[in-house]
Amino acid sequence: MNKQISLAHSVGLGFLGLACFIGLWHGLATSGLVPAVFLPSPVDVYDRFSTLLERRFAGATLPGHLAASFQRFAYGFVLAALIGIPLGLLMGWYQVLDEIVSPLFDALRFVAPIAWVPFAALWFGTGIGGPIMIIFAGAFPPCVINAYRGAKFVDPRLIEAANMLGTPSHRVIREVLLPSSVPSIISGLRVSAGLGWQSLVGAELIVASAGVGYMMVQGQANVSTTTVMAGMVAIGLVGLALDSALRLIERIIQRRRGLDQ
Amino acid sequence: MGVIQFQDVGKIFGPKTSGFKALQDINLEIRDKEFVAIVGPSGCGKTTCLRMVAGLDNPTAGVVSVDGTPIKRPGPDRAVVFQQFALFPWKTVYDNIDVGLRNLNVARREREARIADILNLMNLTQYAGHFPHQLSGGMQQRVAIARAYVLDPDVLLMDEPFGALDAQTRVVMQEELVRLARKNPRTVLFITHAVEEAVYLADRVAIMPRAPGRIKEVRDIAAIRNAENWDSHEKIEDVMDLESFVHLRTHIWRSLREEKAAQHA
Amino acid sequence: MPRRVLIGFVTILVVCILWYGMTTGLGIIPSGRFPSPAETWSALIHVSGRGYGGGDLAIHVYTSLRLVVLGFLFAIATGVPLGLLMGWSRRAEAFINPIFLIIRPIPPLAWIPLAILWLGLGDAAKMMVIWFSAFVPSVINTYAGVRNIDRPVLEAAYMLGMPKARFVTEVLVPGASPMMFTGLRLSLQASWTTLVAAELVGAFYGIGRVLNVAQQDLYPGMILVGMIAVAILGWSTTKALGMAEQRALRWNTAALAARG
């Protein structure tokens, strides 16, 4: 690899990079080359963000929209985990189930989650049910796939050891198969949280009457670029927080298992 | 020509004052077409010596030079055979051997002839179109040696080339290298922790105990080998049975162990 | 695996029979909720013959496919070189990484309103969001791929005196390619998701447009046709990429086969 650089050097370059990025944005926005309506400066976005924290836009304040979005997300995500993980585990343990479900699963996998929007709206409406179904469609596959992998690829020596010790089969499941699938399940949850959050945003752009996505669509309709950008920042922050939280859990579990280097 | 010179060479990893002292006061001259092995335990700094000749590491003190020119960067005049083979997995055997020649801008016709020769010499002709992962470890290392030899380098650097091979393959490769080296002599710097391998292959053996690595002793082998006519024996085990071989091996073993004992005391 | 194939076949058959039974046969599911096979078929005839949502099926498929392929190729053309640069140069990595860290958490779909504000409802806005969604995974995986190349292989390249340009094309790119292709597969999936979403938000042609109009018309048969079209397109482009991957990574699949 190319030459190593010192930590100070690297941090310095990082700040320089960020400064260039924000400086370029700010410069372009304030230069008058691009109309401010289309490219507001970072300061404008920040101002709008803080205004939205208190003032209502499209029916709610930004925290209000976020709460609405997050509630839907939580329902969809929990539902996906509750159905997806047991299904994946069972598919991993019982080959017949695997052989029955896999073809259906493979056929559905190529339907982009967002393409469920019309049926979601038709079946569950645009309030809370429809978006939940979209989130479910996004978050479900990684839950199944990772639980399946975790269950399928258990070290056979562990099972042999358990059998050799005369462990009854329900205890083999509880004490060997389940714990050894946990790291894979957690990684799956992290992926599925990311995809679910993204699907939620997509769903709210299309059908919904509240939520950050809805707020952004209203911002777009009113040519309020600052609102759209403030929404993007808010979505990014929540996504980042979700990911960090699950990453932390993932790391703790991996460390406990001695899986990290 | 290919004369390697270490002059008062030292190497410290990390900060100058508090870093890890890997090498100290290395002075060694390897003559043209001479086969020198550095033998020592893992972590003694012998590989660092080789990497400095290759230009993959720089000394923090002293000078490493080839034919009087201090070394700055790696180049095809100093071909390396790595312990991990380091073949390009996405290139066929033929293309792996071809890379260096292309970098030297050798004409196509000549490249083809030289590759055909070396493939033949190393018994690789039928594997020319194979990818490295389709070959066993021994075959892969054979390709790596061919890749280095085909460049006709001034200096050949071999970093524990047989360390990753199983015992049987290793013996075959050692015998083959002896044949190659006697038929087609090069300046060779050979790194190993196996005393027998060093004695069997080298003209001279440099003994390097653990860090800070320094050269404790350089033992001449070639004189004894020629006097006792080792090369008349085709099999390595026959050579290893000879009294002169056993004697040298024991001497070098003892020399390395005494150092350890002294450090432990 | 004949048993696996057989069970899969039976499963699909059972699902089809259930579908027919629940809709047409027993009428448990009302056709306003989910279409019967006959309704789906007639919707397919409708869209491929008379056309629906502003054009016939061929135009919608062509529009969507073209946008995804173009956006995807554009993302590769920009993302892979940047990933190579970041993988190769620690300086470039230190300089660019923080920018990525702040942009990356924003899901590609969240760029849609901004893209529409900037570029309207035409192709340009869709290209922008597809490019964005495919760009990030291709950069990150190429970058990780370069970092994954064995050190001795890089040293062998230095030792052999490789010129810069050849080093990039013959060492960095093939060395990074296994992870790069993983990234490209993610990119392709993301491209389809983003495109469908963007077309649902607003478009003149495209599969997303069909879905959108069908949703407003409460036309379940057409919705299902649209979804099947999305799935087939996603599947076939993924297959095409998989074939390209198999070709490019012949040396690697050989390794896998040798290891059993």
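Order of writing sets the chain letters: A, B and C. Residues in each chain are counted from 1.
Just so it is clear, a contact is a pair of C-beta atoms (placed from the backbone, for glycine too) under 8 Å apart; a residue touches a chain by one contact, two chains touch by 3 or more.
Owing to the predicted nature of the structure, the values given are computational and were not obtained by experimental measurement.
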{"item": "Most distant chain from subunit A by Cα centroid", "value": "B"}
{"item": "Two chains sharing the most C-beta contacts", "value": "A-C"}
{"item": "Whole-Å gap between the CA centroids of subunit A and subunit B", "value": "53"}
{"item": "Whole-Å separation of chain centres (CA-atom averages), subunit A against subunit C", "value": "18"}
{"item": "For subunit B paired with subunit C, centre-to-centre distance based on mean C-alpha positions, whole Å", "value": "50"}
{"item": "Junction residues of subunit A, two or more chains touched", "value": "none"}
{"item": "In the complex with subunit C, residue positions of subunit A that touch it", "value": "1-5, 9-11, 13-18, 21, 38, 96, 99-104, 107-108, 110-119, 121-123, 194, 197-199, 201-202, 205-206, 213, 216-217, 219-220, 223, 225, 228-229, 231-233, 235-237, 239-240, 243"}
{"item": "Contact footprint of subunit C on subunit B as seen in their complex", "value": "54-56, 73-76, 78-80, 82-91, 99-100, 102-104, 131-134, 147, 151"}
{"item": "Interface residues, subunit C side, partner subunit B - complex", "value": "150, 152-153, 155-163, 166, 170-171, 174-175, 177, 250-252, 254-255, 258-259"}
{"item": "Complex contacts: residues of subunit C adjacent to subunit A", "value": "3-4, 7-9, 11-12, 15, 32-34, 88-91, 94-99, 102, 105-114, 116-118, 147, 151, 154, 189, 192-193, 196-197, 200-201, 208, 211-212, 214-215, 218, 220, 223, 226-227, 230-232, 234-235, 238"}
